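So, here come the structures, one by one.
Common to both upcoming complexes is chain A, partnered first by chain B, then by chain C.
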Partner chain A sequence: MLLGGGVALALLWAPEDADQGASQRIFYIHVPIALTAYAMFGWGAWKALRLLGKREERYDLESYTAVHMGVIFGVLTLVSGSIWARASWGVWWDWRDNQLVLFLILFLFYSAYFMLRYSLAPGASRANISAVYALFGVVLIPVSFLAIRLAESFLHPGPVVLTRDVGENVPGSMLLTFCVCLAGMLALAAALYRSELLGKRVDARLRELREALA
Partner chain B sequence: MTYLLAAYVVLFAALLAYLVIHALKLARLDRELAELTELARERRAEREEAPVGG
Partner chain C sequence: MTGYLRDVAALARKDLLLELRGRDTLPAMLLFVVAMLVAFRFALPREVEGAAEGLLWVAIVFTALLGLTRAFVPEREQGVLDALVLAPADRSAIWLGKVIAVFAFLVAVEAIAVPAFWIFFAPLGWATVAAILLANVGICTVGALLAAMAAAGRARELLMPLLFLPLAIPIVIGGVGATVVAEPGRYLGFLALYDAVFAILAWATFEYVVVE
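Our next item is the complex of A and B:
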């Protein structure tokens, strides 16, 4: 409902941007999707840290599920970003843009997590190695997130929410729309995460049961 | 306007695709659970039919 309301606000209520026109409305889904991807990767790293600290098996599945969701939101970030880039800059991708390239590196790093995970036999060793890998990846999140604020010469638009310069902040209606969309996207990710985790847990228990009955 | 629609359509198409995949996975789990329940019933019936002590 939150996401539906956010999309309705973005398409029907938020004012049109003077520079970019209608295509600026992609901002209301692209940025929340990207922030949700960061949040899911961060959540996966947090669960990995808990696994390494407490040695409880359940954290392995939770970390894996969070990374899985992060990669899904990462694909959506790249696709929605490419569409916005085509509309605004006339190109689908620009290798000179630090923000784009850093996000792609983060995405590929976490995509490789699955190759690593499935190249190892299930067990404590796989859980530990996967957790360490997920923790390494979390270093890339602030780098990718801050690239937009630190780099100066590129095409990607700079931060427009919570900047130091009050004049650069977006109007209240745009900010409200953005916040509703962000809350909706995070709620959607949380719901999908719980549902996916439940599915994976049931799958694992059924496998154990099958082995016990065999 | 076309690109704006494309971005929103991609989001909802991806969400729909995910839900379909998840529904198929749940259906598979349901089938596996039914199979295992049947297997457990057969095992219990075998145990009950077997003579005591041998």
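Our next item is the complex of A and C:
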């Protein structure tokens, strides 16, 4: 956990050596957050798959925690992307930004995950249904991405002038900073995931004990 | 395999017979879609190119949602689902039977809605019809599974739209694309891909949704 905090600090000073405009620097925060959110959704789906395969109860909580973390990072992506859009294009929201639209869809999808979970009675059935839903989510990511790319051609015809990929001619220092930020963000997510999981496990144990006593 | 298909046919037949006798869902879907088209007429103050076609897809998705919300309610309420799960048949047959039944409802509703759209708004090409049929497959495969999920919960009527709409956004994109673009091949291909991917996924995972 300390490691996560340490690298997160690195994340704060690392953008100093960016030699582009100030708004460009949010890139170092925004993109790692987005990638981390994907990673957490993927991790949640992987745990869901393990749950369905092995039917061990602990995977349920792990999958839930991973999706929980993914949603938090997803919201951060939306916020940071929105700030970036404000800084570089002058609007808070731009439908031309595929990544942001994708995250909005995913955010809606995974918010429904929580609604679904809370409406079901705890037990094996809830674990299974949540796991299946998490699997659907990870399949929805590429499908939605493809769909949004396709939608470009009828929503805004003509060449899209936005070029936001850092592309090929990236100076080494920027790439290094980016990698450090990505590693930091992943470590932060992993640390949060672990502490959250621990908290949820303690919570579950406590509930069990309380029920045993009552 | 023939046994599997027989199970599926029996389950689909059961749903269709229930609907024929009870007439719960189909008239509601029909009235809903026509009322929606009328409301859309007034939601478009000016003629905007392609706007009406976009609304057709909204109408289709919401009408399907109306039917899907009810799809597993009779089973859950009367404990039929438990009996079906215990029956010596593959569980995915339950899902496939439901998909076929909902697909039939949806096609029946669209057989009225699409001509109505034609009269109220604008003529539609063959690509739109093909896209609607492809989209129906996707809506039914995903929707039947989600309906089984939602029916297990407390707030099923509330839950179903929340679960379904984010997954239906790619269908709307593909459908609208196929309707408004001159060369719809890519969009039809995308819809077919969506159908294939989610049909396999739903077919493989349905068992876990109904088994405790």
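Note that the second predicted complex is superposed on the first by the 165 of 214 C-alpha atoms of A that agree within 3 Å, B and C clash if a C-alpha of one lies under 4 Å from a C-alpha of the other, contacts with A are read in each partner's own complex, and residues count from 1 in each chain.
The rule is short, and it goes like this: a residue touches a chain if its C-beta (ideal position, glycine included) is under 8 Å from a C-beta of that chain, and two chains touch if they have at least 3 such contacts.
The structure presented is a predicted model; accordingly, all values stated were derived computationally and were not measured.
Contacts of A:L206 after superposition: chain B is touched, whereas chain C is not reached. When the shared chain is aligned, chain C comes close enough to touch A:I105, but chain B does not. Touch criterion met: A:H30 reaches chain B, while chain C stays clear of it.
If you check the complex, the residues on chain B that touch chain A are 1, 3-4, 6-8, 10-11, 14-15, 18, 22, 25-26, 29, 32-33, 36, 39-40, 43.
Against chain B, the residues of chain A that register as touching in their complex are 7, 11, 22-23, 25-26, 29-30, 33, 72, 75-76, 79-80, 83-84, 86-87, 188, 192, 195-196, 199, 202-203, 206, 209-210, 213.
On the chain A side of its complex with chain C, the touching residues are 52, 105-106, 108-109, 111-112, 115-116, 119-120, 123-125, 128-129, 131-133, 135-136, 139-140, 143-144, 146-148, 150-151, 153-154. Chain C contributes residues 50, 142, 145, 149-150, 152-156, 158-159, 162-163, 165-167, 169-170, 173-174, 176-177, 180-181, 186-187, 190, 193-194, 197-198, 201, 205, 208-209, 211-212 to its touches with chain A in the complex.
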